[in-house]
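Think of it as A, B, C and D in the order they're written, each chain with its own count starting at 1.
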Amino acid sequence: MSAQAVSVGGLSLKNPVLVASGTFGYGREFAPLFDLSRLGGIMVKGVSVTPWAGNAGVRVAETESGMLNAIGLQNPGLQHFLDVDWPWLRRFDTAVVVNVVGHSVAEYVAVTEAVTAAGVGAVELNVSCPNIADGLVFGTDERALFGLVSAVRKVTALPLIVKLSPNTSGPLPYARAAVEAGADALSLINTVLGVAIDRNSGQTVLGNRTGGLSGPAIRPIALRFVLEVAAALPVDLIGMGGIATAQDAVSFLQAGAGAVAVGTALFRDPWTALRIIDELPAALSTAGYQTVDEAVGRAVRQERERRDGRGRS
Amino acid sequence: MSAQAVSVGGLSLKNPVLVASGTFGYGREFAPLFDLSRLGGIMVKGVSVTPWAGNAGVRVAETESGMLNAIGLQNPGLQHFLDVDWPWLRRFDTAVVVNVVGHSVAEYVAVTEAVTAAGVGAVELNVSCPNIADGLVFGTDERALFGLVSAVRKVTALPLIVKLSPNTSGPLPYARAAVEAGADALSLINTVLGVAIDRNSGQTVLGNRTGGLSGPAIRPIALRFVLEVAAALPVDLIGMGGIATAQDAVSFLQAGAGAVAVGTALFRDPWTALRIIDELPAALSTAGYQTVDEAVGRAVRQERERRDGRGRS
Amino acid sequence: MSVSQETVRVLERLTVAPGVCELVLEAPSLATALRPGQFVMLLSEAAGAPYLARPMSYFRRSTDTISVLFKTTGSGTRHLAGLMPDSRLRVLGPLGRPYRDPAPGEVWLVGGGVGVPPLYDWALTLRQSGHRVVAVIGARTSAELLAVEAFAQAVDECLVTTNDGSAGRRAAAADVLSDAAKTVYACGPVGMLRAVQHWASGRSVPTYLTLEAHMACGFGACLGCTVEAAHPDPTLGAYGRYLRVCQEGPTFLAEEVTL
Amino acid sequence: MSVSQETVRVLERLTVAPGVCELVLEAPSLATALRPGQFVMLLSEAAGAPYLARPMSYFRRSTDTISVLFKTTGSGTRHLAGLMPDSRLRVLGPLGRPYRDPAPGEVWLVGGGVGVPPLYDWALTLRQSGHRVVAVIGARTSAELLAVEAFAQAVDECLVTTNDGSAGRRAAAADVLSDAAKTVYACGPVGMLRAVQHWASGRSVPTYLTLEAHMACGFGACLGCTVEAAHPDPTLGAYGRYLRVCQEGPTFLAEEVTL
């Protein structure tokens, strides 16, 4: 195992840098640009049981140090993934994490079962979807979340990752619910709800009115979620939100993430994740670490010491 | 009444641009720089019943397009405000809004009663403080919020503004609780919880570990809160969060705020609020409005039409 | 050639008309790689530059340079228009599908406002391969007409239209399309594109529309730039409802999209 | 003079030592207004500049210029160190309280590492008003010594210390303080300031420490830059626990603060 290799939630990664769901499609657009096998892992665009059309109207808007998106989880659906994308993707020597979306527990279960059978690397549940039956969002209702994760857990032995929404007063109740229901790891964070107003019309830029904020603007929010969970629960974390440099990646490791994912930064420069992979060893050794694992949770240890009354006053 | 004059929650402002609590002290540091009477209003630093020391350690950290603060509501307390700050501030021809902080309902009530008697312009409740008795934060617990606002409402006839925390899954339950308890207006938003990690130590930069994120990075989040409340409730709003230009101010008006407050931008340039006041008429007329009121809620009207099924598909 | 991202130097900044600017960039490999109809994403890292890159068609090219011609409409274009010679820009490209070849017979190019840039190099290419090319350059008013002289020199016939009659014919660009056109390529405001689409409906003249959309990536990754498909691929289910302007476009047959 | 914010031009950028840079700014009104001990907030709006301004003491000044001397420690100083002559910077100042006047007798200035800048103009001022001035310039190692020649010329006696003995005495700067000192002004790393504070305790020599703190505003508005008061003003209650470095400082008497 190289100094770059890590394991999160039982998923082995050759390096701790993945690409975040929804910012890398199913890899096809990037394959002409670089060898996908260089990546620690690929978290594919959310897969639903049937194809989803996504939202009408303008889908992306720019903000300061970030962007809003209202793609609406457009995706070709499970069958297409199994028939077309997975056979193509599996040739690469990288961990493929299938991001699963659904409007009901049954939909999540169906996708998870199928991709488990297909032999993907891990499952990541995107719980920011509205539950059509109850009108609530899985990710902002602890009990719904517990139910969802428990049900999915029953049908897969793969590393099960739950991706939390930052649109709550804090991660802990949701993190606990997910872990108690059997999640092996958590992804932190999904996008933050936001709005952009069009200068000329005075109306919302996005067709869907609200969108998800991503990019460097949300990095402090993501670090808060990572640190808060790392300090409270013994669960592996994948950190994401505004990562654009190796230094950013180190911050997430220090906050307690065992691996990181690069998202929006890929839109400005599709080679960002590779650059981070190349520069991470130097960034780690500058910070005084020999391996990735040494870096993980520096701030958490401080946090635990504070809690135990041994830290700075 | 000039085209710039507005009224929010019964508070008359000569122009719709205030300065946000905690970014303007009690005005003293700015008085040598410009005539405070030019401002629509001053929301003073949070006032507590007794003096508060604030937090130890590093209190500010920089982030992309923003900053984190963990001041900890350091303030000289009610008596000092009444004896020293208010007599000095009241000479200026501008609305003075007293931001009130406390660790119990009784503390909020005491401050509100006293500043009401002193004759300030309005009261703004900062409900992001932990309630020492129950260990919860007023602003993230609807029932606690309702109780707090109801109690304060009983002791003041001044315009009563409640400032909501963005660290919730959405503003509506809290906005409703505040309005039902008698709030005349809402301020949106307070800072977003965040963390910064120190490159060298791998630990949190802030002594208090977490801090409040402010500045342009949070503007889309603030606009979401304003739009969501404006579309749902008939209550006056003061919008804030990352406002740095007249165009930003117009966006908040369009989203549904009747007035705006400038905060963090003052740290980079203490004349920002004045510049916005000077440039607002031109920005409004470029956007096709003759008065401030015409601009307010353009996006809300769109929102209402959508809800009523008359909007774009 | 596959997509690459290069840091290039601004050689010249020309003010072509009020609020319209041409930036000439030193970009030899892109100058070779780009095909007519393709575009680039321009990312500035200079003071006050916005977060996302901006999509732009290329307008002209030489062996070593490409240029973009654009109107100042917001923060990004204002920033680009303010770049001084010798500034640096990161350019991602070539992006999008090149123009598809025309049917035999007269080719009509219809450019409205700042829709003209992609058509110019296409005009040159078509002429070189022996096509008779008619250009229709339209704008609301004469002051907004762009690149008329360049097109006049490049094509066999150049018609000018303005909505207010201040230059050329008082007409919308689409109104002057005639049955002489055996293939049409149009680029311009959505209203104009709809008119061209309407003209094409019922005719069997291949009519290509070059679209714009808000883009985050420009290379197919974000799904941000979609347009509604007129005839969704039934094998794709609901997923087929939208096409990516940056990947399946930016140029579509008129009957492929719902505008 | 009251605080103002000006856009000034970078005239020169000198690399003084590895990782240490002096920027000379064209700033005539600040050059007149600043008093020794005061500082400015530097805000760059150029490519990649950070969001907040950076506090810096001024180092030298002429009629029309001021300079800042700083070490590259992070994003902001790295950015400042990369500014080319003719770049613009927004400078807010003068900020902070000037040095308070010394007691009669020998004045000792103790500068550690990049703590020397504020002491230099003070040295000149003190000499001009007839004080005998001794400077102690310390650093960990000889390569990190700054402005030794400038001080050597400006003061009556200049002592050099390094922790590793690679230049001057092998000592910490604070160790060479002697009873000859009738007033002390020290600026440098917190370890050095603590040592100076320790030296001062029990002596009745007025000893001034110039502190650093993370600052958002620099002019007293944010309460971000606090240091613990050693003897809180009892009339202020808990509020008195902290003092603002930017407003009540940056220079405090050693007995005023807890480091």
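Details
Note that in this section a residue touches a chain if its C-beta (ideal position, glycine included) is under 8 Å from a C-beta of that chain, and two chains touch if they have at least 3 such contacts.
The structure displayed is predicted, hence computed values, not measured ones.
Taking the CA centroid of subunit D as reference, the farthest chain centroid is that of C. Each chain gets a centre from the mean of its Cα atoms; for subunit A and subunit C, those two points are 36 Å apart. For the pair subunit A and subunit D, the distance between C-alpha centroids works out to 45 Å. In terms of their C-alpha centroids, the spacing between subunit A and subunit B amounts to 33 Å.
Within subunit D, not a single residue touches two or more of the remaining chains.
Shown for subunit B are the residues in touch with two or more other chains, namely 56, 63-66, 199. Chain contacts here close into one cycle, and each chain has exactly two touching partners. Per the contact rule defined earlier, chains pair up in contact as A-B, A-C, B-D, C-D.
Interface residues of subunit C, counted against subunit D in their complex, comprise 45-49.
By the touch criterion given at the top, residues 22-25, 28-30, 32-33, 45, 50-54, 56, 58-67, 69, 71, 74-77, 80, 199, 205, 215, 264, 266-271 of subunit B touch subunit D in their complex. Chain contact summary for the complex, subunit D toward subunit B: residues 2-3, 5, 43, 50-53, 74, 76, 90, 92, 213-217, 219-226, 228, 236-242, 247.
The touching residues of subunit A, when paired with subunit B in their complex, are 56-57, 63-66, 68, 137, 140, 167-170, 192-197, 199-204, 207, 209-211, 213, 216-221, 223-224, 226-228, 242, 247, 250-251, 254-255, 287, 295, 298-299, 302-303, 306, 312-313.
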